[in-house]
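Each of the two complexes below includes subunit A, the first together with subunit B, the second together with subunit C.
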Partner chain A sequence: MSAAPYEDRVVTAFLYCSVFWALIGMAAGVYVAAELVWPTIDFGLPPLSFGRLRTAHTTLVLFGFGVSALIATAFYSVQRTSHVRLFAPGLAWALFFAWQLAIVLGAASILAGWTSAKEYAELEWPFDIAITVAWVAFAVVFFGTIARRRVGPIYISNWFYGALIIVIAMLHIVNNLELPATIGKSYSLFAGAQDAVVQWWYGHNAVGFLLTGGFLGMLYYFLPKQAEQPIWSYRLSIVAFWAFVYTYIWAGPHHLHYHAVPEWVQSLGMVMSLILLAPSWATMVNGIMTVAGAAKKLKTDPALKFIVLSLAFYGLATFEGPMLAIKSVNVFSHFTEWTIGHVHSGALGWNALITFGTFYFLVPRLAGAPLWSTKLANIHFWLALAGTMLYVLAMWGAGVSQGVLWLSLDELGEVRFSFNDVMAAMKPYYGLRFLAGLTFLAGAALMAVNLAKTFAGRRTVVARPPAEGARA
Partner chain B sequence: MPNRFSILSLGKILFAPNQVFQAVAGESPPASRVFFRFAIWIGLLPPVFAWIGTTLFGWRLGVEPVFLPQSTVLAVCLAYFVALLFGFLSGAVVARWMAVTYDASQSLGRCLALMAIVGAPLAVGSVVHLYPHVFFNLLVLVPVLIWCMYLLYRGLPIVLATGPNRGMLMASALIAYLFVAFVSLLGITVALWGSGIGPQIGT
Partner chain C sequence: MNWVSLHHRLERNAGLLIFGILLVSSIGGMVQLLPIVTGDHAHAAPGLAPYPALELEGRDIYIRESCGTCHTQQVRPLLAEVKRYGPFSRAEEFAYDRPFLWGSKRTGPDLARIGGRYTDEWHRLHLLDPRSVVPVSIMPGYPWLAEHPADRDGTIEARMRTLVKLGHPYTEADIAAAPAALAGRTELDAVIAYLQGMGRSMQGAPQP
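Up next is the complex of A and B:
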């Protein structure tokens, strides 16, 4: 008797929504970038004001695009590395609908002015509860599948996805402990410096375990699959995992250098951020060496290019992060556009590129048809590269200028340039960043068309686990 | 073009890079020749342009120009030259180290020549340093940089004699190194500024 087929339709559903949220979220980003150049294009409408739309942008790309992509790839890979059908597929579908509904209503609530005023955790308490419940469903489906696996060892990608689920749950619950006042307003249980420390413990580890750890799970499954090569060093991947998990959780205070938190907390955050470079780069080396053996695949596979380049940006972002965490660099870079450039070299160059590469790999397999247009995928690759480079370079230029101007003192020791003067000088860079965002978005739109055309008129292919005793 | 890789081939590098790639692959110039007859001279261009521009116009960051004392300008330009040479040499050494993995030529001369050819448009483009307005420099140097990246992807498989696919992978790995080298330079620079070396800023 053959085993029950994999539940891949829910993977397709999450993937579709991820692409959809990528377009909407990035478009919101492009619009707020345009607002920085032409401030009047909010037309005096509160939902279009920078503060709300920018929050909608980060929420949509992080939780709409990013998390949907992570759940899709986690469900796809956990079945194949465990040789069983997804545990509780009904719950997986419930998670799908709940998550998408939370994104729609959550984004609407932000545009309507609801906010808990915690960066990347702005959604108010009803959504915090809904997300917690949905996340438990994610955990049950994922760990339930692992518990029923027919393969002895738990493959490395599942360790990363597992860490994503557990740590994000912990961060989300602790950072959102709050007292509801009305349906749309609550107050944090933490106050003052304590609130700041908890917030950046959350904020930085959301970057760590969602944008880094979760996407490393994606890398560890899909890179060897695409390269048709085993991981270069499995042992290194395990060592890097534990070093990564242990080190990352301490790094948050580097967001609070020179703030009203104890000096030792800041220094600890800085030192742990520097140590973090080792496990981050161990993973990069592992990826680069894995793909090095698969050179011939590059010719036929547009997806692999995205992953190769994403590794280069991963290397950049995970080096730049610890560097910016050094207090004598941070004194200059903090509050400048350099930080925004750093975030986007990670978010566009690493997260988005690896997700695009994975989607180009996944969709032909889910649809059972070759990619509609390899040429379009190649054009997307160059648009994505150009957009990211332009973004990062514009923000480096803006950030370093801001740093110098803000720290310039006159003969009397007073600040030489006013905040307004400095911001006015940033306009050309903001124009360049708007162009960069538009270029990147155009590439993503080409991908959406390409993937939709590949899937047009088809249903998700029914795949089955290998027979008992066979290997993946 | 036997043994003729020198500063005199700059025109050819800018306008017919493919010919130069082929020539270097055939000729395999010695490392000392690449360094002394070519690299060191184009490496001088950016600091010299920057020195002239900074002295004449000051740093233009969008508000008022920032003028630095002449001794600071000289020190910054000298540091710029050293950083460029370090970036160039380390890039070549890293390329040679990576060559083992990607089954490419491990000749140091070839690796140096590759880095020099790829960097040449940036060195020439640094003529914009004559007017050190940051945004204007960025506007000119970003397209030049993209051209340099194209040259790296295009030239690496020819100069280092590896397949086009391996070449693409190696070029990407090398770009990762160059990114890191560049961002380190930014970090070191602002840390030096913060400790009182460079423009007078109040940290």
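Up next is the complex of A and C:
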């Protein structure tokens, strides 16, 4: 009797939902981008109003698309690196239904006007509690699987997924400390400047441990699998991991440069943000050197192309981040579209692309059939690249213009440009950004079709751990 | 035993790995957050009072509509910002801001010093149809604010009591008077009251 088969159906379920939320969340993003060009297309309807829909956009892509993709890939890879079936599959399924329900109701609650107004933690207290419970279930399934592993060392992708689970739990709980007043309204335990420092400790590290750490877990498992090469340097992985976990958490105050918070915490945040470049790029170098042995495959395999391009954007975004954290750069970039461009070079270029690449790798394996159309995947690749580049360039243009024009003084020492003039000058950039988003979304839609066709009429393949004594 | 073989032990013990991650990741937060959260960074400016009921209602509507996605409430101590908006922001102005609404993006202008800059009537027109007073504006209109009575669900007292628990010095009389203060007013009135009160606590503060 061989070992119990891997529980991969729940992986498929999370993957499907991730693709679904990607389409919905990005469509919401495209719509709010259009609202900045044609401000009346909310038709006076509260749920379509910019503020609410923009908040729904970030919530859907972060918690719907992003987290569903992270859980799908974590569950897939932790079984294969542990040579054991997922621990408590029933709990994993409960997590699946609970998480998707929370996304549906959470998005609806934001459109209905429930928000705690803390960025990337806008969901109100009932959802904060639901997310905490779901996260505990995620931790139990994940660490339970690791605890029962039949392989000695815990593979590095699991360290990153583990850091995602642990640190996000800590951030989520502290930042959402609040006192409920009604079912849909609470007040933060912290006020003013204190609330700001807590919020950006959360906000920056949600980027750090979810959008960076979690997706690095994805990278460390799926890149070597895809490239059919071992990770280039084991030692570099160790150093980069611990340096990353230690350093990232300090960088939050760079979101509060020149704000009403103590100077020491701003400077400390800036210095640690600069240091963060080292572990970020160490991982990038490790990834690129791993791919270097598989240059041939890069020409033919769309999945690998996505992952390698995502690594390039990862390098770009993790270089840009520390630069924007320098106070004298930040003075121009802060509050401008440059920030939005920076976020999207990471979110589209890194997070979305590595997820797409991973899905193109995973779905044929889960379905037991080759990808329906390699050609369509290649078209998606170019649409994704074009969309991301156009988005980032448009927002650079807009952001640098805003930064310089807002602070520009004339010879009498008065402000040279009215706010409204600068705002009106943004219109072409907003138009380009709308087109960029549409291009990126079109690519994602092609992927959805491609993956659905690959899976059409099939069930998730039953895979088993290797027999006792076999090597990973 | 070198550090790599030491690490081998860590990566074979899930409990140790979890503990290590928790320990290493919490240091930065403890150094940066604890002194600020426990320190004296939340005392109110002299004369600063918690938001009156109508302004609190307006602020909660400002939150509901996520106005903070496009408007900041933070004037940085830079010459151009002080010229454009007014005196730079200080921590003690925000002692009663739960949550803080400093924002991170200026799609529209900063609002920290908007109070008293425009008339109530201007705000009324602007909130209902921004392009009627600012032709190039890309702000959405909020026509429903005029249609909803303030405190539609009758929770103003519950909200004020919650804030009292968090340390806002509302008196029982303040809370008892709140429903009457909101009676007959619309959500639009409440938002305008909030905007008109914004930044007034620092009027007369020395200019940098």
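As a convention for this text, the second predicted complex is superposed on the first by the 469 of 472 C-alpha atoms of A that agree within 3 Å, B and C clash if a C-alpha of one lies under 4 Å from a C-alpha of the other, contacts with A are read in each partner's own complex, and residues count from 1 in each chain.
The rule we apply is simple: a residue touches a chain if its C-beta (ideal position, glycine included) is under 8 Å from a C-beta of that chain, and two chains touch if they have at least 3 such contacts.
Note that this is a predicted model, so its numbers are computed, not measured.
Trainee: With the two complexes superposed on chain A, say which partner A:Leu409 touches: subunit B (first), subunit C (second), both, or neither.
Mentor: both
Trainee: For A:Met289, decide between first (touching subunit B), second (touching subunit C), both and neither.
Mentor: first
Trainee: Is A:Pro253 in contact with subunit B, with subunit C, with both, or with neither (first, second, both, neither)?
Mentor: The answer is second: A:Pro253 touches subunit C but not subunit B.
Trainee: Scan A:Arg80 for contacts with subunit B and subunit C and give back first, second, both or neither.
Mentor: A:Arg80: touches no partner chain.
Trainee: Where does A:Val197 make contact in the superposed view: on subunit B (first), on subunit C (second), on both, or on neither?
Mentor: Touch partner of A:Val197: subunit C, not subunit B.
Trainee: With both complexes superposed on chain A, which partner does A:Val329 reach: first (subunit B), second (subunit C), both or neither?
Mentor: first
Trainee: Return first, second, both or neither, reflecting whether A:Phe419 touches subunit B, subunit C, both chains, or no partner chain.
Mentor: A:Phe419 contacts subunit C only, not subunit B.
Trainee: So, does A:Ser49 touch the first partner subunit B, the second partner subunit C, both, or neither?
Mentor: Only subunit C; A:Ser49 stays clear of subunit B.
Trainee: See if subunit A has more residues touched by subunit B or by subunit C, and give me that chain.
Mentor: For subunit A, the partner with the higher number of touched residues is C.
Trainee: Does subunit B (first) or subunit C (second) touch A:Arg433, or do both, or does neither?
Mentor: neither
Trainee: Hey, what residues of subunit A end up touching subunit B and subunit C alike?
Mentor: Subunit A residues touching both partners: 331, 407-409, 413, 415, 424.
Trainee: Sort out for me which residues of subunit C touch subunit A in the complex.
Mentor: Going by the criterion above, the answer is residues 4, 7-8, 11-12, 14, 17-18, 21-22, 24-29, 31-33, 36-37, 41-42, 60, 63-70, 72, 74, 76-81, 83-84, 89-91, 93-109, 130-131, 134, 136-144, 153, 155, 158-159, 161-163, 165-166.
Trainee: Which stretch or stretches of subunit B touch subunit A in the complex?
Mentor: 59, 61-64, 66, 101-102, 134-135, 138-139, 142, 145-146, 163-166, 168-169, 172-173, 175-176, 179-180, 183-184, 186-187, 190-191, 193-195, 199-203
Trainee: Any idea which subunit A residues touch subunit B in the complex?
Mentor: Touch residues, subunit A against subunit B: 284, 288-289, 291-292, 295-299, 305, 308-309, 311-313, 315-316, 319-320, 323-324, 326, 328-329, 331-333, 386, 389-390, 393-394, 396-397, 400-401, 403-405, 407-409, 413, 415-417, 421-422, 424-426, 428-429, 432.
Trainee: Show me the residue ranges of subunit A that touch subunit C in the complex, using the header's touch definition.
Mentor: The contact residues of subunit A facing subunit C are 35-37, 39-40, 42, 44, 46, 49-52, 54-55, 113-119, 122, 143, 146-147, 152-154, 159, 162-163, 166-167, 170, 174, 179-182, 185-199, 201, 209, 235, 238, 242, 245-250, 252-253, 255-256, 258-262, 265, 268-269, 272, 331, 334-336, 339-340, 402, 406-409, 413-415, 419-420, 423-424, 430.
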